[in-house]
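See the structures that follow.
In what comes next, chain A is part of two complexes: it sits with chain B in the first one and with chain C in the second one.
On to the complex of A and B.
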C-alpha cells in the first residue's frame, strides 16, 4: 500500500487537523516536522512538495494533497478505521458548515492574535529583523508575505484587531450554544468537526480565560476535555516540540475559573 | 427523505442558481420558494427555529434550505446534501477525485465568489440600495444578525468600492476563467471529467461576469464552450425559468467577504 507522509508543524490549527485525523483513523504515517519559525516551509526541498510554501501538505504515494480540512476528508474516505463523518446527509451538511465557518471566519481571527503575539516576536527573537526581511522576500504566496510583514513589523491595525476580538467573542458563544445541543460539535458522533474545532479551541481556556472557562462555557470545557482524553489526542500532542503544543496541559485541570492560567 | 423541506432561493444567479440547478439534476421533489434577496427578505423568513446557518453563513446572501425548522446554507454544502440525499451522481466516488472536486469548489468560493459578488453588487445592487429611504434601509439592515454581513450591505449602499479592490476582483475572476480554460485542455466536457457540483458552483458565479469582465473571457474558447454547455443543460434552463426578472444575471446581493487574513 502507498505510504503516507505528513509535512506539519506543531499539533495546532491547520497542521494539527490532519495529524489528529491520521491518529484517529489509525493510519500509520511518516511525520515530517516543518519548523515554521525556521522557514522550513520555504526551503527548496519543501517547495518541491508544495510550491505554495504552506503547511500542512501530505503525500500519499505520488499524490500530493494540501488544504487541511480537505486532507481530513480525503483520509476519512480513503482509509478504513473509525468513520469520522456520520452517514446522515444532514449531519454531514452541519459538519461541513461548521468546518467552513471555523476555517474561514473564526480561525483567521485567532490566527491574527497568534501571529501578532507569538509568531512575530518569536521570529524576531530567533533571526533579527534584517534576516527576516530576506526570508520574507522568498515567500511564494503574496498573501503569506503580507502576513509575515504584518507580524514582524507590527503592522496590524487597531480596527482589524478589534474586529478579530469581536469574532472570537461571537464564535466562542456560538460554539458554547452549539455544544449545548449535542454531545459533539454538529452531530451525535465524534467527527472531523470535533477534530477541526479542537485544534482551534484547545488553548482557549489559557489564551481567552475571560471568555472560555468552566463558569461561562461549561459545554466547551466538557467537550475539550472529552477530546483531550482520547488516546489519539494524547499521541498527537506528543509530536509537539514547542510551548505552543504544551498549552494543551491546561485541560488536565478539572476546574478552570475566569482568569485562570493567564 | 424525511422532514419538512423548503428551498428558499433568490433570482437564479450566483449560489441560488447553483443550488436550483443541482436540485433539478437530482430529481428530488422539494418545494422551492422565491425570496427577494436584494430586499433582505432572507433575514425575515418565517418558520426557522434554528437560524444559525442563515445568520452566520460565510456565503452571505445565498439560498436557504429549511428542514424541520433548521436553516441550511452554503451552496456547495446544500448541493452535496441534495446529491447525497439523491443518487450521489454529482460527486466523484473515489477519495482523490472527491478531494480534487472539493479543492476546486474551495478555490471558487474563497476567491472567485467574493470577487464576483463585489463586482456584481457594484454594477447592479448599488443604485437600488442608494435610492432607498434611510428608514427603509435601517429596517433592512436591522434584521441582519451578522455584523460583518450588515457592513457589506452598507458598503454597497454607500458605493464604497475601492479601485484597488475592483482591480483585484477582476483579476480573480480572470484567474477563475483561466483555470477553467486550462482544466478543459485535454478535451473533457466537464471540469472534473464527469459532471459534478464543481461545474454548477463555477458556472453560477461566472455567468454574470461575462458582461462585467469581458476581458477575462476573451480568447478562452474552451471556457466559452463549457459555459454554453452549462447554459444548455435542462437543469440550468429550468432554474433560469424561475426568474422573475428578464435579466437574472444582474441580480446580486452582498456575498462572501474578501479574505481578511492569510
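On to the complex of A and C.
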C-alpha cells in the first residue's frame, strides 16, 4: 500500500491540483475516487477522514491534510522529485499571488457556472429532487448546503452571475497578459501556479469560447497545450470518469476559434 | 533610504501582517502611512505603486509586492533574521491551512463588523455623504466600491451579518481548541500564522467580549498576551495612529471577563 492516499473527485478544479502535483513529482499514491454526484464526500466513511466533507483530502501515514493549495506546497516540500517551486523569493511570491488570485477570486466564479450548468442538473437527473434534498440536509458545512441548493434549484441571481462573468473576463485578460511575459505562468519554470491554473482553465476554450480561443488568447492556448502534452497530465486525466474531465480533449485541436469548440 | 518601503494603514488586519513580520525579522523599512479614511489608497501617488488601490503594498528595490500573506512568506524567505516558518513540511502545511482559513473565511467576517461599526461611520463623519460618494466613485476595484457603499450606507443585510457572526463564533472555538494543543497557533515555534492571527484577533476581547474572554477562551487570551509582550509587537503597534490600533491596550489587563472589556 502506498504511504499516500488521495481522496479526490475528477482531475478538475481543487481535486486535480494535488493529483497532478503527485504525478509530476512521481510520488506513488492510492487513488480513492469520491463520486461527488453520489455525495460520497458526505458519507460517514469519508467524514471519518475529513469531517467537513470537502474534497480533496490526503493522508500521508497518519497525517490528514486538506486544502488543495496547501497540500500542493506540502507535497513539494516533503518529497523528492522535480521541484515545483523555484528557489527565488520573488518567483515564489508571484506563484503564491497567482494561486491566491485563482483560488479566491477566479475559481469561485468558474465554479458558479460549473455548478449551475453541470453539477446541479446532473445531481437532479441522478437522484430526483426529494432524495437530493435529503442528501443536502446531511452536508456538514452550512455554506455548502447553501451552494448545493442554489445550484440544484437554479437560484444563482442575475447579479451574481453577471459579477462572476465579469471576474472571469478580467481574469482571462490578466492570464493572457501574464503568459505573454514568460513561458510559464508565474516563473521561468513549470510550477504549482501552472498546475493550479491548468485545473482551473483547461476547459475554458469550451466553456468560454467567446473569451478564450486561438485568436483572442494565443498565449493561454499555447500554455494550456504545453501542459496538456506533459506525460504527468496525460496520466492524471486518465483518472477522470465523467464528461467533466473528458473536456480536456479540446486541447488536441490545433486551432480553436471563437465558438468553434462549443 | 531603506531598501524596503511598506505602504500600510494601521497595525491591524492586512496592513499589520507585513509590518509585524518586518519588525520580527529586524528588517529596516521606510514606513509610508496610507490614511484609509482619507482615501489615500485611491490617490494617484499610491495607484502608481498599486493600481488596484488595495493596501498593503511593499517595494523591495524596484519590485512591487502585494497580498499580505504572500508578502509575509516573501519576507521570511528573502531576509535573514529569525525564521518565521519552521522547517517541517507538516508544520508548514498547518500554518498555511490556518492562514487560508483566517484570510478567506474568518477575516472577511471580522471585517464586515469593522466596516459597519468603525470604517463606515468614521468615513461619513470625516467627509460628509457627497464627498464620500465622489471618493467611492474613484475606487478602481468594483467590489471595493460595493463594500464601501455597503459600509457607508449601512447596507449589510441581516442575513449577511448573522452569517458573519456565525463564522466568528465557529472560528473563535476553533482557535481556542487549537491553542489548547500547543504554545503557538500552528507549530511549536512562533510563526507567520501567529502574526496573521494576532492582527485578526488582538481586539477580540473588546469587540467580541461575549465570545472571547479569560473565562471562555483562556488559551486565546494566553496567546494574545504572549504576542503582545514581544518587543516587535510593541514597536509595531507604536506606528498606529487611530483608536483602531489603540484597542491593543486591552491586553494589559490581567483578567478580562465577559463584557468587562466593553
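Note that the second predicted complex is superposed on the first by the 260 of 262 C-alpha atoms of A that agree within 3 Å, B and C clash if a C-alpha of one lies under 4 Å from a C-alpha of the other, contacts with A are read in each partner's own complex, and residues count from 1 in each chain.
Following the convention adopted for this analysis, a contact is a pair of C-beta atoms (placed from the backbone, for glycine too) under 8 Å apart; a residue touches a chain by one contact, two chains touch by 3 or more.
Only a predicted model underlies this, so the values are computations on that prediction, with no experimental measurement involved.
Trainee: In the superposed arrangement, does A:104 touch chain B (first), chain C (second), both or neither?
Mentor: A:104 sits against chain B and chain C alike.
Trainee: Examine A:127 and indicate which partner it touches, taking first as chain B and second as chain C; both and neither are also allowed.
Mentor: Touch partners of A:127: none, neither chain B nor chain C.
Trainee: In the overlaid three-chain picture, which partner chain does A:166 touch, first (chain B) or second (chain C), both, or neither?
Mentor: A:166 contacts both chain B and chain C.
Trainee: Determine, for the superposed model, which of the two partners chain B and chain C contacts more residues of chain A.
Mentor: Answer, by number of touched residues of chain A: B.
Trainee: Going by the contact rule set out at the top, does A:65 touch chain B (first), chain C (second), both, or neither?
Mentor: Both chain B and chain C are touched by A:65.
Trainee: Looking at A:93, would you say it contacts chain B, chain C, both, or neither? Reply first, second, both or neither.
Mentor: Both partners, chain B and chain C.
Trainee: Report for A:77: first if it touches chain B alone, second if chain C alone, otherwise both or neither.
Mentor: both
Trainee: So which bits of chain A does chain B touch that chain C touches too?
Mentor: On chain A, the residues that contact chain B in one structure and chain C in the other are 63, 65-67, 70-71, 73-74, 77-78, 89-90, 92-93, 96-97, 100, 104, 143, 163, 166.
Trainee: Provide the residue numbers of chain A that touch chain B in the complex, in ascending order.
Mentor: 63, 65-67, 70-71, 73-74, 77-78, 89-90, 92-94, 96-97, 100-101, 104-105, 108-109, 111-112, 143-144, 147, 160, 163-164, 166, 174, 177-178
Trainee: Contact residues on chain C for chain A in the complex?
Mentor: 63, 65-67, 69-71, 73-74, 77-78, 89-90, 92-93, 96-97, 100, 103-104, 142-143, 163, 166
Trainee: Any idea which chain B residues touch chain A in the complex?
Mentor: For this pair, the touching residues of chain B are 52-53, 56-58, 67, 70, 72-74, 77-78, 80-81, 84-85, 95-96, 98-99, 102-103, 106, 110, 147-148, 259-262.
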